[in-house]
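Listed below are the structures to be examined.
Heads up, the next two complexes both have chain A, just with different partners, chain B and then chain C.
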Partner chain A sequence: MTTKAMAGARIPLPRWTRNLRAKEAIAGYIFLSPWLLGIILFIIGPMMTSGFLSFTRYDVVNPPDFVGLKNFIEIFTKDRLFWPSMMLTFRYALIVVPLSLVGALSAAMLLNQALRGTAWFRTFFFLPHLTPIVASAVLWGWIFNADVGPINHWIRTITGSDNAPGWFRDPDWAMTGLIIMAMWGAIGGNTMLIFLAGLQGVPQELYDAAVVDGAGLWAKFLNVTIPMLTPTIFFNMVLGIIGALKVFAAAFVATQGGPAYATWFYALHIYTRAFQYFEMGYASALAWIFFFVLFVFTYVQFRQSRRWVYYAGEVD
Partner chain B sequence: MRDHVSRRSFLQGALAVSAGALAACVAPAAPAEDMGDEGAAMEPVHLRWDTFRGIGSGWNEERIETFTEMHPDVTIELRPLAGSGQQDNYAKMYAAQAAGDLGEIIAFDPSHYHFWRAINKNIIMPIDELVAADGTDLSQWFEHFLGLQYYQGKLYGFPSWGWAGFDTLVTNAVHLEEAGIDLPDPTGNDVSIDTIDEWAHSFYVEGERFGLNISHNEATVVVLCRLFGSSLINEEGTKCLLLDDPKATEAMRWAYKLGVEEQVLPAPGDLENTGGALVAGLLTMNWCGSLCVRNFKNQIEDETVAKAWQILFPLREDGRIPSQLRGGTWNLRTDQDHADVGYQFLLHIAGHDGSLDFNLVARNFAMVRPDVVQSLIDEDPIHEWFIPSLENGIPAHAPANSRGREYTSAVQQWTDLLLDPHQPVEFEKGLQDLHDNIQAVLDEDPA
Partner chain C sequence: MAGEAIASGGKQTGSGIHSAGIFQSASFQRAIGRGVLYLVAVSSSAVFMFPFVWTVLSSLKRGGELFRFPPTWLPEVPQFQNYPKVFEIVSWATWTWNSTFVAIVSTFGAVLTAALVGYSFARFRYPARDVLFIITLSTMMLPVEVTLIPLYLMFAKIGWLDTYRPLIIPSFFGGSAFLIFLMRQFFLSIPIDLDEAARIDGAGYVRIFWQILMPLSIPVTATAAVLTFMSQWNEFLYPFIFLNTKTKYTLAIGIRYFQAVAGFADDTEPKYHLLMAASVMMTAPIIIIFFLAQRYLVQGIVMSGIKG
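Coming up: the complex of A and B.
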């Protein structure tokens, strides 16, 4: 037998090795199966059902009635709240995402200092994120209460004027109130934790080298911290945008979409159509449109990320 | 012998398991049972009462207990619905019906616009035959509240709650007395729109007090239009009248003048709690329902600050009181074996004792029976004030397509825009938007 032939030949594995591989594979799939069943039953199943329903008229009580593209045509041509709610939602995300990223990064940098009590501070910063959204909406509803809320009390005390915002009752201020409420939960939440992990992963020798080169704090931040954090920033940004575009609970509890549709976000529009007007087919069509918008938006972000995200371990 | 499980075969297996599990989750269709009631009372009967009304007050339990004492073979299971808002409970009832699990005793209120929708979906059964078999006297309820229970010539339930809507100005009498004004007769209908306008200005003190509050909800806007001799939508529920009837336009122009041009009305955000503002003396007249006077009276702690009074709106040219008679219902679900027993239970909760305690124990506004109103007057004479609107009020008009929630939402949100002094819009533009959006809802397919 030539060397070449020997190299190309497949050497049969001993039987006990094959059995072990099969057992490992089965064990792997068994461990995987709860998640797999979960995603099929609770994600893919409802998605497929929703996709089917989007072409039907379905009021929960009667069987779905196939209507073709009628729901989609009505959404784009007759729905008075479709475009306004879409625009409002993007406006909200445009403000909330950058603010929460900057805020969370700032908080993470502060909490990354080796000071006494840092663990306590990290806990305190994370607490708002643990507060249920309904509880936090009720709390902020009181804080923003136009008459007896502490914020307006301070505004009146400081300015000496009785003119203070109406917050959740005022179309001009309701969105601002929801943004402030979102910031409270976002700055110290998961975003901050991920930034914190990212910061702790920046090699110290890069900072040492920068110091040798005469870099100050700001230069180190711009030339070491930010570039090394770009994967983390990108990750947080993608999740932040998706999360912000899905805004629902706070508006549902605090403002019910008002006043004067000032906080009528897209998810609220879907919910209202589905669970208040019982137009499940129409709401499914709304949801699928939103899915495609989010999909395209996320795809573009990934494409763009190649230009500015730096992965230290990446091989070109 | 294969020595590994391929991803494909595993995924196929998982899919098959999932499909099986999904199929198992599918609720069986509602059983198509005959409404046979032969010997219904002779065998143990179990009924389920799905409701959000009265829950937590003890009223429901008392009704069940007193009924089962009279009918030992009957058990009634109370299944409380506890949505965050009343309207949320209807979704649960529709879902329960789809799953074949809706109780036999239910309520789809006309004033929540679900009554006709539920009938069209074959959820509520007509009770005319049961009425005839029982010989029930239908005159025990006020005619207009019983009238709400009819659809296409058939009777579908008995009245639960009912009142005249936002038919009055709940007034702090202290302010009128301080201004040296004689208190108007609370049932006199003798205060003109011009006088209301004048008082809205004269009792307004910038930064301290509002003379008049006009809410932007459907209940108020309808009566506002009726005050000027029109209504918000036509009786058939197919047409918005705001642009077509000059009187409706005039009504909205009056509110616009007070709220946007003269800015003497509270803007959104100015008064967080109008009931509390009345009690605290921060508001003189609140446009609300006459039954709110009862609550106002009960909340007053210091009569030097606030004293309960009401001003009924002036009569219209047609002699009717600007109001909106609206109410609820108790119904029987279709396809049940013991409808005759369920019917007796409906009578038990909608009869005098049930209805009276529905007011006093369950704290609902249920002025649906003359004998109950009399009992309430015996309890508190202030209830006499509510009689004129009950006797001479105007029934509510509902959207013909049963899209009530879309309708009320459109009215509230677009009236907010029209009457918002912070972001003033031209009256004609704001009214056009309000009209168009209401009409767009009325033009939609039936729900």
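Coming up: the complex of A and C.
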């Protein structure tokens, strides 16, 4: 390969550079080797195994039994929790991600106003993000307590009626509870910090020019801030959606997927099939479907991003 | 910013000349604007902090006080002994140690190998490098479930279940794609002239890495370490799947176990106040670390996002 590349060059490179290049490549691979091994042992190997398992019936005790597409057919036709859990997971992501992006951007803009005490406000906004998910699920479980929790107490006081949501105990409200819990952790988190840095990176000249053109606050926001932030919005959006679709621990601890499967997220479905029923083949098929959906969804976002994401450094 | 407030206030003064009242003056408008911003900042801080405050206050109440109706804010008499009590009724000390051990060892492995791999991606030219880098990034998207089942089966086969090896060993093989990305981005921002100068002086690749690049990368390494420590401390799924023995639990699964049993008032009162104390004790170390490393941390998080 190196010789071919060199044939194209006008001045043939001396022999020692070739050795140097080879040396560099070898050293590069040596430094890369932990990850190469890791990717084979802990990612590609297992992925291929689970790909294979998805065409089998495997209960861990007996050897895997090849069944062709049976798992997939069963998932799409018979599994009564497959579609609901998939839909519910997407619905959750499509609510949590836009809301937390808007919230994080608003919080970042607030912190960008040079208010006195900004460092404190930033810390207050950020602390929820640091709370371990399990601890967060435990403490929100108590705050949302239907009988003696503070939230319901306020709701009863304000509305003056005894009717208040049952939150994690109520199929109609459990999802809302989880969404509020997720927003609490997400709004002031990394997303906000990244937005804040993005805001500080918008050149002041652009705002000055907009003012000369007669732009007010709103016009400046729409025509300068938002376009300049599109790469940041895109970055946060992609990561946010991937994170939201994988939600597991929060629901598992706070609601155990209930009540009445109201928060039965897709990851919970896979977990239950794999580690409660020990249907490893079936669960692998579920996982691969999930992977495929996530892949397509992310790919579409990248395709779409060309239409709306503006990179200032890009020449076209 | 200040300029915006002045700009919008300026338009108002034009029409306000006739009345010339103080209410229409630019500085008054500006003051109102600032006042509203402060109000929003303070009230949203209160909303964000409320769950913490409530949890801490609940953790200092007597068990029965939590079930008062209407709920009360302050504990009648602060029950500081609730905290030591958590250590008595569950193996809290053991779990804390387990979490600390797992988090420290895997952080060490992950940061060390991520630095090596990031160095490789940032400073060496070799076939398939860019493809491998893209593959690395795309593993961030991979749902953990796709690899979890085979890993479970594999670890079961080699007798690693109910040990910390599944939580620790993978960290020494690159750990996380995000860390590799972070380290690579940082190394790329260090001028390559430094490497070349060192090479002319006879330094090899290892020496350049260890004596030139790493000392310059202390902030990003600290960020990487803190972020990894936090995520390991919080990690739920892996320990939950791989550990069975109660004394081997980490805090994340320990607290869930505690939550599952706290509702059942066995012989005494319910233990929700102790559960709240446990949540505080699990969160506190993370918050302390955040305060110690705040400056680096914010920089690091920002760097990962801006260059993405």
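One rule holds in what follows: the second predicted complex is superposed on the first by the 274 of 316 C-alpha atoms of A that agree within 3 Å, B and C clash if a C-alpha of one lies under 4 Å from a C-alpha of the other, contacts with A are read in each partner's own complex, and residues count from 1 in each chain.
Throughout what follows, a residue touches a chain if its C-beta (ideal position, glycine included) is under 8 Å from a C-beta of that chain, and two chains touch if they have at least 3 such contacts.
No experiment lies behind these values; they were computed from the predicted model shown.
In the superposed model, A:Met280 makes contact with chain C only, not with chain B. When both complexes are overlaid on chain A, the residue A:Pro171 reaches chain B alone and has no touch with chain C.
Of the two partner chains, chain B is the only one touched by A:Asn19; chain C is not. In the overlay built on the shared chain, the residue A:Phe248 is in contact with chain C alone; chain B does not reach it.
In the superposition on chain A, A:Ile179 contacts neither chain B nor chain C. In the overlay built on the shared chain, the residue A:Phe235 is in contact with chain C alone; chain B does not reach it.
With both structures placed on the common chain, the touch criterion links A:Gly45 to chain B and to chain C. In the superposition on chain A, contact is made by A:Val60 with both chain B and chain C.
When chain B and chain C are set side by side, the one touching more residues of chain A is C.
When the two structures are aligned on the shared chain, A:Trp142 is found in touch with chain C, with no touch to chain B.
Comparing the two complexes, residues 21, 25-26, 29, 36-37, 41, 45, 60, 147-148, 275 of chain A contact chain B in one case and chain C in the other.
Interface residues of chain B, counted against chain A in their complex, comprise 2-5, 10-11, 14-15, 17-18, 21-22, 87-88, 91, 94-95, 97-98, 121, 123, 207, 267-273, 403, 405-406, 409, 412-414, 416-417, 420, 422-423, 437, 440, 447. The residues of chain A lying in touch with chain C in their complex are 1, 21, 24-32, 34-39, 41-43, 45-47, 49-50, 53, 60, 107, 110, 112-115, 117, 120-121, 123-128, 130-135, 138-143, 147-150, 153, 184, 187-188, 190, 193-194, 196-198, 201, 207, 211, 216-217, 220, 231-232, 235-236, 242, 245-246, 248-249, 252-253, 267, 270-271, 274-275, 280, 283-284, 286-288, 290-291, 294-295, 298. For chain A in complex with chain B, the residues that touch the partner chain are 18-19, 21-22, 25-26, 29, 33, 36-37, 40-41, 45, 59-62, 78, 80, 145-148, 162, 165-173, 257-261, 264, 272, 275-279. Across the complex, chain A is touched by residues 1-4, 7-8, 11, 34, 37-38, 40-41, 44-45, 48-49, 51-52, 54-55, 58, 66-71, 113, 116-117, 119-121, 123-127, 129, 132, 135-136, 139-154, 156, 170, 172-175, 180, 205, 209, 230, 233-234, 236-237, 241, 251-253, 255-256, 259, 272, 275-276, 278-279, 282-283, 286-287, 290, 294, 298, 301-302, 304-306, 308 of chain C.
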